Amino acid sequence: MNRLRSTLTDPLVLATLSILVLLAAGEALSPGFARGDQIVRLLVVSAILGLVAAGQSLVVIGGREGIDLSVGASISLGAVLAGNVMAGQDGSIFLAVLVAGGATFLIGLINGLGVTMLRIPPLVMTLGMTGVVQGALIVISRGIPSGNAAPALMAFVNRPLVFGLPGILILWALVGVLMWVLLRRTRLGYAIYAIGSNERAAELTGLPVRAIRTLLYGLSGLFAGLTGVIVIGYTGNSFVSVGDQYVLPSVIAVVIGGISLAGGQGNYFGAMLGAIALTLLTSVLTTLQLEFWGRQLIFGAVLLMLMLLYGRAGRLRA
Amino acid sequence: QDYKIGLSNGWVGSEWRTQMIEEAQAAAAAWAERGVNIELVIQSSDVDVQGQIGAVRNMINEGVNAIIINPNSPTAFDPIFAQAAAAGILVVATDAEVSSPDAIYVGIDQTDYGRKGCAWLAETLGGQGNVVTINGVSGHPANEMRVAGCRESLAAAPGITVLNETNANWDQAQGQQTMQNLLATYPEIDGVYVQDGMAAGAWRAIEAAGKTADIAATGEVRKDFLDLWSAGNYTSGASVNPPGVMASALNVAVLKLQGKEFKEGIFGGVYGNAIFLDIPFINNDTLADAVAAADGKPGHWSVTDELSVEDAEAFFQ
Amino acid sequence: MTLLLKAESITKRYGAVVALSDGGLELEQGEIHALLGANGCGKSTLCKIIAGTVAKNSGTLSILGRAVEIGGPREAEALGVALFYQELSLVPQLSVADNIFLGREQRSGAGFLDARALRRDTEQLIARFAEVAGAGFSADALVSDLSPDQRQIVEILKVLARKPRIIIFDEATAALDRNQVALFFAILRELKAEGVSSIFITHRMDEVFEITDRITVMRNGATVARFVTAETDRQAVVHAMVGDVTALAERPAARPRSDKPARLVLESVGNKRVQQVSLSLRPGEIVGLGGLQGQGQSSLLQGLFGAAPFTSGTIRLDGEQVRISRPSHAIGKGIAYVSGDRGRDAAFHGRSIFENIAAASFSKERPAMVWPGRLRERFTKAAATLSTKYAGLSAPIGSLSGGNQQKIFIARWLATQPSVLLLDDPTKGIDLGAKADFFALARRLADEGAAILFYSSEDAELLSLCDRILVFNSGAVAGELEGEALTAYNLTNAAYGRAA
Amino acid sequence: MTPARTNPAMAALRNRVWLVTLSALIALFVINWILQPNLVTPNVLKSNLTVFLPVVLVAIGQSYVILGGDIDLSVGSIVALVNVVTVSVIAALGGGVPAIFAGIGAGILTGVACGLVNGLLIAGLRFQAIVTTFATGIIFGGLALRILPTAGLPVPAEYWRTYGGAVLGLPVVLWVLILALVIIAIIARRPFIKHLSAVGGLRQAAFQSGLPVARIRILAYVLAGLFAAFASLCLTGETASGDPLMGRLLALSSISAVVLGGAALAGGSGSAFGAVLGALVLGMIGNVIFFARFPFEYQTLIQGLITLLALAGGVLVARR
């Protein structure tokens, strides 16, 4: 009985259940919604959100109110830089990934330094960084062509590669495995949970807390930059606010995947399921014939229901 | 005579806005050849309504001769424009009409923009078929006007059924996702009305579903898209909202500052204070010209159009 | 005598863990009542149920014969019950005054805060502790700036300010030094004289026999024995607590001073709180750090461990000069540090016991990859050395009682097989049985060649374990005791010797 | 004796971080004055205050929520919802003076109700604050669009003329600010503020001390809703119309203002007065950038840099 209850309230199980319910709802509302190829397309969209959520997960698990609101700006920056570097040439994809990832990794590191060395609260630091990166984007994108995705990149994102799955899904699965290995099979992973759970205790067991946390923000920037590259592969070209729409969803995906915003808890599989659930919800809502406000109401209400299921704090009176 | 003119732009989310200001700057500089020196005071940043009102207040306090604004709200500026007018400042809105009787509007008729797009769609479909629409930011005045215009055209074709109306916030990636969802839900779509830059996203989804030959959808006018359009043989048509509208507004403003009087009966629009500019329309027949005009421009460059000083003089007595 | 409070057949489960199976307690008017038992036997849980912060599953509570349901701390307060929380109930960001009167602020007529009355009342309360509380203790000081003992004093005052008729002190003396305890006991006696009843939880048997009237003993979630203090003895009580007697090892026969070369030598090390301390430590030696609390003993250990690095002086390990400016340096050189403040310094809250043990070993051994399966056995063994009571390595650390958690944190360091062990009041909140195990283990480690620096706030612990004791005063070594000189009398003398 | 733990001057400063914010504000004001010589004239000052007031008010409400250890991302949507409710009620009742009062009353009730919903979800049902207020923000915004699908519905001239005018020789906007300051001064002297700090500082300890934790947090959210409603009524006076998309940047700017004012985002320390100063600093940064006449494409970057520096500086001082 207890085991059943704890299984049912396990975030992973809940996220999976929500996904199944949403799929069923979608299929009931519009037959064909849960068709194989449509699911693949939904997964592609989930994968984009899921990649940002990977960095967001690390930062949140790393604790001290960890959150990265600058991922949107970093996605835009990654997309614009990648577009410019690639300029539609397959040969330049690698360089584009390098430039986009490098720049956003640096931005992330700066976030990390602000959080660790200057002790600026992450929400504030990354919010401030958003303004700076957006400003920089406006400066650099002016006059320079925003660039185009290379055809191979677009095919990677949009067209089947193996078993009818686009390359991006393979990539996402790979990232999922890598994240698991990182978090559960490396010393660094254990250290991330430790600093997220109790920073002082982590220091007293010899962990370089600041360096690790700085790295986490760097990785979050890196993931965002790579997401930017994928986004330009998805949309073909980029503009300065292309990443904005991913910021809060990346946080929500992480939360409904069972990663506590208090830090030191949860894993990336949850965030992956969260990203899928959120994408599904958006898409089920699109297929409803409703006015915009009606969709918003349902979207908000479903988020609240997900919170009701398991995003709750413990009782003060145990 | 020299003038100080304030330019206010309250949203910087797309290159369209950058091009808008750059063209206005160029137009201002061009006045020097006519012996008029124009000093621009530019505010261009992401602000909400009260932030933009703040910028307008600063311009009033700075003592500009005219304010040209791409407004974040159609109605919210009424009191502040009244103050500007009281201070003898000319206010010209562009890109979105404003309700203030103390301002004039120089730009396209957003209702007509939507009307034209959907009229093209209805005609291309031969007045028959299933249509979905992908609109911009719900509640945004330009969007609401475009939606209204589109509905008007579609209503005139009784054979057309609107399956669903959605919003993708003028965001290309969201446009692409929305189109994907619509394609999955409605296998029988014949036509799509989609605004602006979202069209590129929608077309990408159509292409991914292998339906470019079966679906007619509106398009957009950035060079990138024009190239895709011609390469992919899409059936498309696009109303143009030229980024040059602010330059046009500036030219009108300077003439007005020089003391010219407007002709009778040129004002129209919802609030009776609008001078509408032509809306260029590109379809498969005129596509080749547009592609040629965009040759050598950067990918984000948008087909533009601006009122020359001479054209502008036509509005004056 | 009147029976004031009666708790009967109280049960409490946390998921699968049964914290209380049959908790009971009878408290008379105006008595001081000891509540004793090994770590994790349910003392704190029972107290929290009485104070309304934990909800019981079944059982009855009655006050003056009337059954009561206590739905929360406010209801408890209304019934005249106040609890000194083992983990304290203070808000770090608020001042001493604000904390003491939190929720019962003096108000002016219009309902505004009466700042003057607050300050006056606070100063009255803290005046008693002025002598023993140490520097920086004032009405306006933020609790976050106070030392652990000062915080305990604030918690005591906070409880007193509520003017309760039943006060529960859950390990209120754990961080207090001798003088502070003496003052606290004086207050307890005054309260008793006023007819207030106290429940007093402690792991120090001397305190029990010094101050309490009666004793209730718990074991494994159930109340198992009651004594009148004056009519029993230590042996009987301990027997009730642990089932069979595992008393603290008596002071062993003096061992011959090892003649091995020193493992650790400090030469005039110092930082903000430690001045010019020199010492030398041989393999196999256990050296105690004695003296009143807060004289720099912890700071010395933390300095040596790199947590609050020394700014002057030199450290030599096995003859070689080393630089230790952060804990990882120390760990790499085989130094381990066990803190007494587990919640703050040790616990990875919400993480498994496995992870809590692993942390130090990973820092020492620096494996790139981790294979939990291969480590399980080793960590199980480490946890078993102190007969820790736990469900399994993957259970969360929070499912253990305070004392059992502390055992895990000791196990964490044992797993690194340290050659220098720094113990910073490590037995805080550990029960007698575990303490005895722990001491035996420390001995064994020393015999196997480890060098141990041991600070304890309890003189008895120092005397029973150490080969010699350095007595601290104001951040410096004020004296050294060894061999025949190692007596409680000498230790007290030395501690007060140069104190102001 | 042993030395005192912290330098008393620094300790005093730590409890009054707003002093630092005040210095920053003065510095920005001076720069603004140099760039804009007519700054210190009654009209221009009033004009500036009119612009800053909505953020000031929202930031005050946000400061209580943050002091209690929570956060409110929905305040911007509350502003929009209150605005459309107010203008719709005024229009529905025919636009006379009684209609105006009814509209204001309805607006304030709406703000309070939104705050109550947030508070009940977060403190009552123990939902996670960030995600919950993000969700309720979407819901409130959706409701605003339901009530008023697109901007419009002018309010009667009595409303906005009064707001833009003067009473007893002082501009109404100044009276609003004074009133807000009086309210925060009153709240600052009530036990509530200590209780709220305790709840934000260490929730378990606050509970164990017998504080009604949930009620206190709910009250903080209600205050946030109330001040958002005040801000919305001011914006309605400034814009004289309804706009369902109003206030979209207010959530983040109010949080920045609170942090600039020296509050810890984790809760337990900070003050509403600091938030007022923080909001003014944000406003002055915008002004300075305007009058410094940076090329337009650099404006966002410079604004971002200065804001980040200010935030970093404020936090640094608060932490020392």
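In order of appearance the chains are A, B, C and D, and numbering begins at 1 in each one.
By definition in this document, a contact is a pair of C-beta atoms (placed from the backbone, for glycine too) under 8 Å apart; a residue touches a chain by one contact, two chains touch by 3 or more.
For each chain, UniProt lists the protein as follows: A = Autoinducer 2 import system permease protein LsrD; C = Ribose transport system ATP-binding protein; D = Ribose transport system permease protein.
It should be emphasised that the depicted structure is a prediction, and the values quoted were computed from it without experimental measurement.
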{"item": "Chain whose average C-alpha position is farthest from subunit D's own", "value": "C"}
{"item": "Between subunit B and subunit A, distance of the C-alpha-averaged centres to the nearest whole Å", "value": "33"}
{"item": "Rounded Å distance, subunit B centre to subunit C centre (Cα mean)", "value": "71"}
{"item": "Distance between the centres, which are taken as Cα means, of subunit D and subunit C, whole angstrom", "value": "45"}
{"item": "In subunit C, residues with contacts to at least two other chains", "value": "53, 72"}
{"item": "Contacts with two or more other chains, residues of subunit D listed in rising order", "value": "145, 149, 204, 207, 264, 297, 299-300, 303"}
{"item": "Overlap residues in subunit A, where contacts from two or more other chains coincide", "value": "134, 138, 142, 292-293, 316-317"}
{"item": "Set of all touching chain pairs, with the criterion as stated earlier", "value": "A-B, A-C, A-D, B-D, C-D"}
{"item": "Interfacial residue positions of subunit A with respect to subunit B in the complex", "value": "29-30, 32-33, 35, 38, 41-42, 45, 134, 138, 141-148, 158-159, 231, 234-237, 239-242, 244-245, 282-283, 286-287, 289, 292-293"}
{"item": "Residue numbers on subunit D that touch subunit B, as the complex places them", "value": "36, 38, 43-44, 47-48, 50-52, 54-55, 144-145, 149-154, 160, 164, 235, 238-250, 283, 286-287, 289-291, 293, 295-297, 299-300, 303"}
{"item": "Residues of subunit C defined as touching subunit D within the complex", "value": "51, 53, 72-74, 76-77, 83, 85, 88-94, 98, 102-103, 105, 107, 111-113, 134-136, 145, 158, 474-475, 500"}
{"item": "Complex interface listing, subunit D residues touching subunit A", "value": "121, 125-128, 130-132, 134-139, 141-143, 145-146, 149, 203-204, 207, 213, 252, 255-256, 259, 264-266, 297-305, 307-308, 311-312, 315-316, 319"}
{"item": "Interface residues, subunit B side, partner subunit A - complex", "value": "12-15, 18, 46, 138-139, 163-164, 166-167, 169, 171-174, 176-178, 180-182, 184-187, 197, 200-201, 204, 208, 224, 228, 298-300"}
